[in-house]
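Pasting the structures here.
In the two complexes below, chain A is the common chain; its partner is chain B in one and chain C in the other.
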Partner chain A sequence: MGWRRIKAPLPPGRYYFSGNEAVAEGAIAAGCRFYGGYPITPSSETMERMAHRLGQIGGVFVQMEDELSSIAAVIGASWAGAKAMTATSGPGLSLMMENIGYAAFTETPCIIVDIQRAGPATGQATRVGSGDIMQAKWGSHGDYQIIALSPWSVQEMYDGTIRAFNFAERYRVPTFVLGDEAVGHLRETLEIKPWVRVFDRKKSRGRPPFDSKNPRQIPPMPTFGEGENLLVTGSTHDGHGIRRTDDPKVHSRLVRRLNDKILLNQQDIVDTEEFFIEDAVVTVLCYGFTARSTLTAVKELRERGHKVGFMRLKTLWPFPHERVGQLSQGVEKIFVPEMNRGQVAGEAMKSSRCEVVSFCQTNGEIIRPEVIRQEVMRVL
Partner chain B sequence: MVRAMEQYLRSEIPSTPFCPGCGHGILLGLVLRSIHALGIDMREMLFVSGIGCASWIPSPHFNADTLHTTHGRAIAFATGAKLYNPKLRVMVISGDGDLSSIGGNHLIHAARRDIDLKVICANNMIYGMTGGQVAATTPLGSTTSTTPLGNPDRPFDLCKLVQAAGGRFVARHSVTQPLALMESIKKSLSFEGFSFIEVLSPCATQYGSKNLLESAPKIMEWLMENCIPREEAEGLSPEELEEKIITGEWGYVETGTG
Partner chain C sequence: MSKPVQVRFGGFGGQGIVLSGLLLGRAATFEGKFVAGSNSYGVAARGAACRSEVVISEDPIDFPQVTIPDIVVVMSQRAYDLFSRQVVKGGLIFYDSQFIVPHRQRAMVEVPATEMALRNVEEKRVANVILLSAVVAQTGIVSQGALLRAIDESVKGKFLELNRKAAALGFHWKEEIHER
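The block that comes next holds the complex of A and B.
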């Protein structure tokens, strides 16, 4: 248990995959052996590939009757010992929210791949958006933490899915791959390396599965059928899972620990990528597919002599407040282009000491490099 | 016998939370007696429940793996666990509101899939935990806290519903018919495939108090009078069967499995 190195299931080399297919291959490589899902555009290709691949390798695939049952089956399978996942898009994510909160509260490792489309409601089902950033973090009631990654390429849909499984197993937390329609349907070269590092949840007989003295440490996770007499409940519980719904101390301790176990370990989780930061006057803070357009725009602006920086959030939750705060001290403005109405810009304002300029585009289309270039020029 | 059953209960839980006169304690005992009678090792069992009074039958009382889930989703959680580890014997114990109203979709789809889950629905004909609101199983005309002038809607016949969805083994008994109920629980434990047992379990606190059955003995007597085994019902006229609840087993029963 813990880290180990395994051979990649696919022969090493270069492949030509869509982002959604790469998610499925990353999941298989990470050890995912259970998929429960419900069809939804624009994420269904992951489900179709998982149906095919899990059949080949003796995993379990089930198409459930809706998204509520899909995530429920994933959580049930996770406690039965599986590395388990589902994939969906906005409306399906909305339906999953109650059980995602349950997974956070019961410390159940699971992966939710959300291929964001243009919402709200049914919106533009086949078009791109990134309006689920806040929902992924705050969508279920109560205070809890999740981890969310924001891939920008087919390579990262593969690598990021492996990473997401490792985070979920290591921290016993629901982990999101927050893709979008553009990166899900993008086709480009994927390089499969010969080895994969995977993390398997830790077990320790008899130790309480829902508490640890040190909040940074993650309690061990037994599996059904091992004779541990597991008590898993979504009600407030003590370290052994016994319901303690009228004890203020138990509830306070549990909620704090569930938040602390992620926030106190965020140095291991948070990941950003930065270019041209040193002398930048304006830095563009970006994520997901929009980061591709941003990088092109920033390079063009640099070629024209403008001091513009690039910072990409590879992880969105926990939010890299510390890094954004540091960045804000060295620039005049942070510019945030997004396919929503300023969800990450608003979050960045919490830790920024400079002006944060939000650029929002919610028309179901990607933000083109020239648009970012022009908009940055206006604030330079 | 009573001492022999202690091994199936968590010693650290001092008492059940059920009201005086509640039928759930009888059902709790009958499930454990069935497991004991068949000699099943509790380490093979997984008990899954949703939200409501009946969900507290297995969790935290049973000395086994228990999964106490969100409202309505017990069968869906159980489906994931059973599919990934088919060696687990998975029993879902939940209430009528949980399984047939908020979770009705999962009930019919699990029956359609014929997945090997043993579903026990403790039907008290009302939302007990939340204060006695009308349920999808409340009899026509009954008074509840949300139908002060009487329930205008017909209740589900849960056994017919599950059978129509493909459930191969369904049964209905009252907790006032403990021996027949225990026989059906034992059959379901040995049955390979989806099985469903509706257990009429009285709620004197919420249903009885609003329907002239306020004391525990009164609502128990009402069940004893109105629950008629299907063999007895066959000779009765439609008028005589009005307001009666027909109990028994329906559907194909495999033998020699499990």
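The block that comes next holds the complex of A and C.
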């Protein structure tokens, strides 16, 4: 187990897919064979396509009674040996939070695709937002880490979903694809390459599935039914899964390791993309669909001679504090346009040595390039 | 870098506005172009005012939504009133004369798509494909072969033959088309 190269299930070539369809195709390519979910706008096309595709290839698709059971089924399927996923939007994500903490604590590989819409609560079901950034990281109680990707195109909905499965399997951690309505419903050219690199969880008979001497290393993950003594619990447990709910050392070691296994490996996980930053006075820090508007705005500003840079967060969690910190030393201001009330701007402030200007738009509409251009002009 | 072509379709949900965008997007993809598209979602796509948009480019597309369209294709008065104001200089507005009384003179291309659909195939539901095919014949934004392939891959069952006939009607409308 580990890395291997497989043939892409779809014939190589160019397709015209929506982002939500591309997520489903990426999941199938990564080896996903279980989907448990409850449909919700604006993510439903992923579920629809998974129902169709898993039927074709002999996977298992279950429409559950709600989101609580959806994520529970995904966790169960993962321990039964399947690569498993669900897709939802904000209201569904809120319902999943308890078991996402359980998945993190039991080190269960699973994928949660969240196609964000305008919240809070039911909000505007068909409208765009990106208000779930903090919830994805902090939504369940206790101290744990997750991984979250932020695709900006249909191509990245496909590639990113494959990557998310690989992260989940490699680090045994719930991994989020944090899309938004605009990317989910966007149709775009999708290039399918002939080969896909996939990572399959490592197994090692007899070795403890919940501990490792080196905190960077990920313990092996057995599967129920293969003959190993296996105990999976959401209470504090030792390396063999035995409950140790009164032992401070065991709890401390476990919680630290669950955080360290992601944070000490973040060089491998964190991914950013930068353009025009060499001489930038102001750099726009962006992610998700807003990055598309930002790139257009930054190019226009450059054409007019303004020294504006572009930095896109392809992964949001773990947050790229080191990179943002480096960036902040070379610019006067970091400008952060978001379809929420400043969630990433607040995070960026933790590591920035310069002023961070937050621009928030929460009206259920995308932030258009001309708006970013005008707002950046105000702070230049 | 060549400039992307931006197309906006408008009408009522049920007229095939979303399908028109999908067909054009697929056809352009077959031709190796970079394509981005979006459309109305939810109740709007099912009965109320509906729109879909396609951006076609030789190069990767930065901003994937229509800013100012080069081509507007409308099948309702409301969509015409709304969208005919936003079109680039030198752009074209194609309209189905069954539903629209135009109030401007320039750059208008009248296509009696619904009338042709009723007269030739007794099925007004394919008016969108007649209109789209007329757009393709007139502007060459994609080849007729690519559009036919998109229809083949997107339309199922008994409607396929009907839509192929509709495309042929639209393609041949080119010679008769009269610009005002």
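Definition applied: the second predicted complex is superposed on the first by the 380 of 380 C-alpha atoms of A that agree within 3 Å, B and C clash if a C-alpha of one lies under 4 Å from a C-alpha of the other, contacts with A are read in each partner's own complex, and residues count from 1 in each chain.
Going forward, a contact is a pair of C-beta atoms (placed from the backbone, for glycine too) under 8 Å apart; a residue touches a chain by one contact, two chains touch by 3 or more.
Computed from a predicted structure; not experimentally measured.
After superposition onto chain A, partners chain B and chain C are found to sit side by side with no clash.
In the superposition on chain A, no contact is made by A:L258 with either chain B or chain C. Applying the stated contact rule after C-alpha superposition, one finds that A:T126 touches chain C and leaves chain B untouched. On the chain A superposition, the C-alpha centres give an angle at chain A of 110° between chain B and chain C, rounded to a multiple of 10.
Put chain B and chain C next to each other and count what each touches on chain A; the higher total goes to B. Within the superposed three-chain model, A:I334 lies out of touch with both chain B and chain C [touch as defined at top]. In the superposition on chain A, A:G36 makes contact with chain B only, while chain C stays out of contact range.
Judged by the touch definition given at the top, the superposed model places A:I147 against neither chain B nor chain C.
Contacts of A:V62 after superposition: chain B is touched, whereas chain C is not reached. Once chain A of one complex is fitted onto chain A of the other, the partner contacts of A:V344 are absent, as it touches neither chain B nor chain C. Put simply, chain B and chain C get as close as 29 Å, counting only Cα atoms, in the superposed view. In the three-chain superposition model, chain A touches chain B and chain C at no common residue. Touching chain A in their complex are the following residues of chain B: 10, 12-13, 43-44, 46, 48, 59-60, 63-70, 72-73, 75-85, 87-88, 105-106, 109.
Those residues of chain A that touch chain C in the complex are listed here as 14-16, 41-42, 125-126, 153, 182, 185-189, 292-293, 295-296, 299, 366, 369. Taken together, the chain C residues at the contact with chain A in this complex read 21-22, 25-26, 28-29, 32-39, 41-42, 61-65, 67. Listing the residues of chain A that touch chain B in their complex gives 33-34, 36, 60, 62, 64-66, 68-70, 72-82, 84, 98-99, 102, 224-235, 241-243.
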